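Quick one: this structure, given as structure tokens, is what I'll be asking you about.
Note that the chains take the letters A, B and C in the order they are written out, and that residue 1 is the start of every chain.
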């Protein structure tokens, strides 16, 4: 098949389609005996990309395939077209999304453990409605909680080709550096004053602590959970 | 202003905007002291149009402004993008078609007698729109009901020279043995040319099919249908 | 603002409280806390870990070296402040207060020295959680920075003049029709007993063809029904079809005069 023609078809298809197109989808445009195959299509895409060098659009590959998008250098002018402000997302939503993206597959309970707060149903609903996350399975524990993962639409939205392209997660510093003895033997003056001044508080706190020994379980429980997740490389 | 830059902005804007853009809208993209004015924008549009000569899109002016659209020559391939996988016909439709093929010319009432349920108007309409059956006359009884028969297009679709080539009823009884002898014909590819309009019916048809015991629908719907046909003078 | 409140009160007619038999319809000014302020305060933090991180970071402290007593004091005072403002505090905040108190108390206890080496520092778990949370807090910020649709990226698309949304009609395999017919046959015994079975299909087809012809022309000459190229068998089939049509009163044969042309016509015209 003529590569020039193929290039045109690919460009037209990418401009006409409402979503990114995969190699398979591009190949499927052609009748059975005319299918160019992935190799030729990739060639056409490369040729198209080269052609577009001085034009207003560029070819990008995202999660679900290829798309043409306006060059970022032109965006400041072009964004004048939009009358509405782009949506903003809350920290809670972004944190939840980040945890799912880096730790998938993950249950809601595990997300709550990491964030230290319970997760509002709204956030999960919004994420699902935006088609950024989906249920990818169930953890084989009592209650069979849903395991959540991100979708290709998530990658598309954030302009990512794959999860590899997510910014790297900060490293966890080594806990072995803790030197409790030091602190215990030489309590710093602040603390001293703090403890003496705030006797009431301290007692209250300790009282609270005793009343709720069950909390200890809550603390202890995540222990293995964390160990588990920590081993797993973010994908 | 640099015409090359202006050309790029215009191209980007036309590709980013969901609707055609007027000269005013294009001009409004720029800050007050940088507005190119209609003259320059028209120049840029003309230059862009020339650039696009060998590309997948062309510049067109429509009522509300300018837009870039996929070249019509590419549309036959591109339209595959939104070609839906065809649904399946309902059992009721297939039975009706079979009865018409084997018992033609036959009236609707006779089909209903054989099938033991009344016949939905959709089925006959779908078959007629598909050009597989037609009215070949009227039976000389009160109401002058239409006599239905199969068409040449029916024979063509199933790759039959004449109805003789259909297996006999006796053979059908034993259909499992029949299979090897029967050429299971591949439906011919240009059949879609016949049916660009029957989309609605097809879908309704399918809907009814999925719900099969579709017969229930078939029983309800025809009621008025019959009244209708009864009223309608035979033509 | 006030009007709105007043209207609401009169509509609802619900006093905030009843003091010495008198309904109180308006909150005393000195008790008034702008609800916005409370919400902003609560929303500033994504939970107890976030609040703790804030307290630690505010003092440029290393997570690994938290002065637990001081942090506990600060944390608790925040909690008390919020409780004092009658903010409905998420339970997690109180749980964290308890955890901090627990850690603090354990650290204050004299430690039996060597053999309990394996006992972990009571802060370790808290630090792990704080670190883990901080990673994702950062990750969320990074995610927010990524170029994304609707804000930083515009997808290029061109208009399509006529989508010509071709919805292909379903494909049908001949076998499907035959299977359908078999089912009908099984259901309706009619096929088993009637003469239908013996009927050659070509006669049926010819019947349909003649009916079609007759319905389109008022009169059809008898010999027009025959196609000489089909030969004798074709003629016989057509003749059988005509006879069958006559029998079913689907056509009439008319002849005006002896040896005149025979016409086939639709019976309705009589």
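As a convention for this text, contacts are C-beta pairs under 8 Å (C-beta built on N, C-alpha and C of every residue); 3 or more make two chains touch, one makes a residue touch a chain.
What you see is a predicted model, and the numbers here were worked out from it, not measured in a lab.
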Practice prompt. Quick one: label the inter-chain contact graph as line, ring, star, complete or other.
Written response: complete
Worksheet item: Taking each chain's centre as the mean of its Cα atoms, which chain lies farthest from chain B?
Response: A
Worksheet item: So, what's the distance in Å between the C-alpha centres of chain C and chain A?
Response: 22
Fill in: CA centroid of chain B to CA centroid of chain C, Å
26
Worksheet entry | Centroid distance [mean C-alpha coordinates] between chain B and chain A, Å | 41
Worksheet entry | Set of chain A residues in contact with two or more other chains | 12, 15-16, 56-57, 68, 70, 78
Fill in: Junction residues of chain C, two or more chains touched
154-158, 160
Item to complete: Going by the contact rule at the top, pick out the chain B residues touching chain C in the complex.
Response: 12, 15-16, 18, 20, 56-57, 60, 67-70, 72, 75, 78-79, 82-89, 91, 94-95, 97-99, 101-105, 113-116, 130, 134-141, 144, 147, 149-150, 157-158, 162-164, 166-170, 172-173, 175, 178-179, 182, 184-185, 187, 191-192, 194-196, 198-199, 202-203, 206, 234
Worksheet item: Along chain B, where are the residues that touch chain A in the complex?
Response: 8-9, 11-13, 15-17, 21, 25, 28-30, 54-57, 68, 70-71, 74, 77-78, 80-81
Discussion item. For a test of understanding, state which residues of chain C touch chain A in their complex under the given definition.
Written reply: 46-50, 63-65, 67, 69-70, 72-73, 76-77, 90, 92, 94-102, 104-105, 107-108, 111, 121-129, 131-158, 160
Discussion item. Help me check something: in the complex, which residues belonging to chain C touch chain B?
Written reply: 154-185, 187-188, 190-191, 196-197, 200-202, 204-205, 207-209, 211-212, 214-215, 248-250, 266-268
